[in-house]
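Two complexes follow with chain A in common, the first pairing it with chain B and the second with chain C.
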Partner chain A sequence: MDIGLLAQHVMNGLMVGMMYALVAVGFTLFFGVLDVIQFAHGDVLTVGAFTALVTFLGVRAAGVGSGPILLSAMVVVSIFAVAALGMLIARYLVLPLRTAPALNTLLITLMLGTVLRESVRLFYPQGANPKPFPALLPTNSINIGNFNLRLDNTIMLAAGVMVIIGVELLLNRTKLGLAIRAVAQDEETARTMGINFLAIVLVAFAIGSGLAAFAGIMNGFYYNEVNFGMGLYLGVIGFAAAIIGGLGSIYGAILGGFLFAALQTVGTVALPFGSAYKDVFAFAVIIIFMAWRPTGLIQEKISERV
Partner chain B sequence: MTRALKAAMAILAVAWLAAVVPAEAKDKVKVGFIGPLTGGVSANGLGGRNSADLAVRLRNADPKAKYEYELVVLDDECKPNVAVQAATKMAAERDIVAAATHYCSSTAIATVDVYHRFGLPVVVWGAVLPDITYRNKYPEVHRVNGTMINQNDTNAELLTKLGYKTFAVIHDTTDYGKGHNEYFSAALAKRGGKIVGTFGVGSDQQDFTAELTQIKALNPEVIYFGGLTPIGVRIRAQMDKLGIKAVFDGTSGIVSDAYIQGLGALAEGTLAFREGAPTDKLPGGKFFMEKYAAQKYDNPPEAYGAFAYAAMDLILDSIEKVGPDRRRVIEDMAKVENRDSIIGKITFDDHGQNTVSLITKYVVQDGKWVVWEDSEYASGKRKLPRQK
Partner chain C sequence: MLPGVVAQALATLYLITLLAVERQLLIIGLLGLAVIAVLGAYWLGWLDPVNRSFADREDVLGVLALVAACAVAAFFHDNHFLLLLIVTVVLYTVATLGLNIQFGYAGVLNFAGASFFGIGAYTSAVLNAHSAVPPLLVLLIGGLIAALVGSLLLLPVLRTRGHYAALVTIAFALLLKAFLEVNDVLGGPQGLQVKGMTIRGWAFNDNIELGNVELSFYMNYLVLSLALLAVAFILVRRLERSWIGLNLDALRLDETAASCFGLNIVRWKITAFTLGNFLIGIAGALFGMVGGFVAPNNYTFADSLILVSILLLGGVGSPWGSVVAAAIVIVVPEKLQTIQEYRFLLYAVMVIAVLLFRPEGLLPRPARNYFPGWRP
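Up next is the complex of A and B:
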């Protein structure tokens, strides 16, 4: 296989891996902080993408034609709206169920996910059809042999990396991050130390959901299309990625996301009967992986008093 | 007299008149409709449902009709397992005499056995897989639209005539996509075209960059797509993202307004083929469009609305002739020959298939599906990608 083709495959894998990683980080944050699996996360991503689309249409209809303004409006409105949605979910759905078995929360959020998905389909005009997403990023591209290097993909990849680095800095270098990590480690002690548990949980959910919105917008720009079912698939893969990486570890989630994308790419390229089975291949490898390392690549450090 | 009193007297007078005119109670007869009302292809399902509903309404408004019809609608979600449930429900309900069923081929082929087992006469209005009528010889199953064999024949013919030699095939892995792949590959091989690669994809797949990257390396002149609108839109958009310059050649599955809406300017120059003629060119097309518009439905009839209307109308004609009895309707449908309908004359062969040989070629021009012969591509004013 020639180098240009390989480069193209790698680029595709990186883009997709970035999106999986962003979703996986959300899952891992929620699990780390509250020990819950928030299965509506994928559909929260869909809401984010559609909120961005609606913002775009609204702002453009109000007469604004400038690309950068539209772009920033879309990103800002979508992230804040979805962060608010995440906080609502945390406050009114997840927190009250903390004492119930974790399975209940998983099921309830799964159902909430369906409600969100179907609401988008029902309330957005002709929601069942895929919707074109505006191409606001510059579309210049250079053809290096078989490799088509696009400026918009590069920008998105760079933005994704910066967001991930930003989250990492937030969690490891700020007091807020310290508080989040404290709550994740031991809720009771954290409360004893004076950390406002409710506020931290809400902030963690806001961050995770905001990341999902960002991933949704990236998805929209990458495929130039959004549809009501986009979050379901990404949610499942993001969850699987978070698990392989080790639930509770941000680095693990990122690693898991890119690992899954790599598996899919290898599956498409290496398998003779090709791309129809790339998901089968990727998930099969994940299963074997989890049998080998059930707690994931980067285990969450827990200490138990005996 | 006060206004209120005058109003009351007027209402009483009307009510008395209505009571005096004898209301004839016609026997109620139930007919059924199954289509994808939710999911990615719901635009076609809803258009078909509205069209079938239109047929029932017009028949009920007809004073010469012997029965009063009620339409029972079920959703098959374009998923075979859901379709079998819906079909079983409809067929087991003895009140429903006949039904117009299915847009998706994967659902139509999954349910033929159900209809046969329960003896419910059905007329397929949108699914094009040949096996639906030809795999078994079930007297219950009929179809008013054509099959994909003719479609793909015409497709291969046009493209080889235009001078294209290398093709890549992308098809979805349902019976629909696989059928298209089979018939197109055979039709192309007969005409000397070369298929450089075949790729099967999931019917709700989001990301095609991997497949398209490989296709880019193979450098075909045409990408043939055997599948439905949702993924057709995605593949075409991602083709552009990867800088692939080739003709996007589709089937009846992408002939829909939703395809053009989903792509905007990128849809320009897409080819597709469909049995029958554009609705306004059908013999009863104008009549159908006028009546449809008058009902003010939320959704347009889409590509197969006229066929759904014709299917339901045929069922209603049959019931009028032989009465609301499933077995008699099946016997009557076996004898359908040169029956008039809005889509032209319908004749069922021994497998219940309407022998419609007309295939219309379409190309997207300026945001609309235009008949090929009428388009500027055919006259040479515009050129398809990589056309010599």
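Up next is the complex of A and C:
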């Protein structure tokens, strides 16, 4: 196939991989800090995308027409709202169940995801249909041969990279990041050293959920539409990506996200009825991968109290 | 034994009334009455004798429950919709019993229950249309294929911790739906039609006429489903009391200790998962024939979550709880048409409430009863 089409596939894979990586980082952060799988993460992403949509409609109805203001309003409001939602989930649903079997937390977050998804479907007007998402980024594009390089995709890719670098710097170079890593390593010792456990957990959930909101907005801009089921799909893929990369490791999550996107792209390109079966192919490879290396590429360090 | 019989008789009368009533306000009133009655009985301490009599004379009360089910069916003998509803409740109970073996006894998470249900249904569709296999054998084959696929799925992740198995089953649920929708051989999004059963010339899809009483054809399926439920229920109860049940419980409670005692973790997890899927597959195969058609949209991840919520509501590891919860979860939204739209939301909220405030479920799993009725 010609180089232009290949470049198009690669670009698409990078964009999609970026979104998966952002969701996977959230999963890994929650697992690292509290040892919980927060299954509502994907649906929190949906709430983020719809919050952005509502903000856009509201601000535009209030008379503001300027692109950059609308864009920044959408991003800021959505991220803060979803971070708050993440903190509420942590405080009232996840933390109370810490003493119960781990299964209960998994189940309760799964059900919460259903509640969020169904609430969007039922309470947003015409929620069951996909909603058009505004195109607020510049849509100029350059044509390099067969390859159509769009400016908005490049901007989003660059923004995604900066966000990931930002999270990485936060975790590795700041005191807050140090506290989060300490709690992830050993909760009791961290508390003994004076770290406020509740605050750190809430902050970790806020960061993870904020990343999900950003991913949701990216998804909305990329596909120009949002629908109530987008979160479930992205959530499962993000979880799978976090597991391939190795739960508990941020680099692993990012790697896993791009790896899953690469699998989907390979599936689209290489298989005959490619794009219909790409998910079947990717998930099948994941299941086989887990047979070979169940704890992921960058293994999680488990020490269980017997 | 008497408190148990009284409780069953009251429950049967209530069920008949609830099913017969049509007006929404009356239904809401009846539901409220049930909640108040049960809470009142709980506070007055009337539920303890009932629990004891169920523990002592479970066999007799089980037979009486079947008789009660037949009585309810006889009351609505010509009402297609209500009989179909009862058959749905019975078959979902069988599927939940299968899920119970996996999750309640062995602690293996299965978020693809509806997918295995669907595998059973698709098997019955394909075999009925393209081969001359007798229908009862088709049911067994449906169960076997679901069990086989399940064991292949789970083998890779058995050596790891619980959440990896959860991911594999969720991925499988999504994967199967995508696969069935894209695949034209198995009918694509429209699905396949399923021919009705015929056993030795008795066509299950024809209405029965006894004298001048006409019975809906769903009666045939109801009798078969009740037989299936009875077998599954006895199997599950016997399993719990046996050495296999002990091994599964040890496995669930503490894997490390269990393997120290010489239990082969992988082997028992696979056994539980396979057996559970076998039951789910058989129930699915029968449900495919009852409904007359199978489509990928009926066996999604959300439907798997419904099965899990039935299990959690009734009480993990408690078969009687599964029966009661299946009846509640399936009958109430059908009767209360106003909440049909909101039913997934309500199921999810209900499960969250159960997990936060009463994690052991409506009818918590009782202590293992080796010799029913024994007194020192």
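Quick notes
Criterion: the second predicted complex is superposed on the first by the 300 of 306 C-alpha atoms of A that agree within 3 Å, B and C clash if a C-alpha of one lies under 4 Å from a C-alpha of the other, contacts with A are read in each partner's own complex, and residues count from 1 in each chain.
In this text, contacts are C-beta pairs under 8 Å (C-beta built on N, C-alpha and C of every residue); 3 or more make two chains touch, one makes a residue touch a chain.
Quick caveat: nothing in here was measured; it's all calculated off a predicted structure.
Overlaying the two complexes via chain A brings chain B and chain C into a clash. Once the two complexes are laid over each other on the shared chain, residue contacts for A:L198 go to neither chain B nor chain C. In the superposition on chain A, contact of A:I69 is made with neither chain B nor chain C. By the document's definition of touching, neither partner reaches A:A270: not chain B, not chain C. When the shared chain is aligned, no partner comes close enough to touch A:L151: not chain B, not chain C. In the superposition on chain A, A:M162 makes contact with neither chain B nor chain C. Shared-chain residue A:S141: touches chain B; no touch with chain C. Judged by the touch definition given at the top, the superposed model places A:N12 against chain B, while chain C stays out of reach.
Touch criterion met: A:T295 reaches chain C, while chain B stays clear of it. Applying the stated contact rule after C-alpha superposition, one finds that A:L93 touches chain C and leaves chain B untouched. Here chain C runs into chain B after the superposition, and of 148-156, 292-300 or 310-318 the stretch doing so is 292-300. Shared contact residues on chain A (touching chain B in one structure, chain C in the other): 233, 273, 276, 279. Those residues of chain A that touch chain B in the shared complex are 2, 5, 8-9, 12, 15-16, 121, 126, 128-132, 141, 143, 146, 148, 150, 222-225, 227, 229-230, 233, 264-265, 268-269, 273-276, 278-279.
Residue ranges of chain B in contact with chain A, taken from their complex: 38-40, 42-43, 173, 199-202, 204, 206-207, 209-211, 213-214, 216-217, 229-230, 233-234, 237-238, 241-243, 258, 261-264, 299.
Those residues of chain A lying in contact with chain C across their complex are 37, 93, 96-97, 100, 102-104, 106-108, 110-112, 114-115, 118-119, 122, 232-233, 236, 239-240, 243, 273, 276-277, 279-280, 283-284, 286-288, 290-292, 294-295, 302, 304, 306.
The touching residues of chain C, counted against chain A in their complex, run 107, 109, 111, 153, 155-157, 159-164, 166-168, 170-172, 174-175, 178-179, 182, 256, 301-302, 305, 308-309, 312, 341-342, 344-345, 347-349, 351-352, 355-356, 359.
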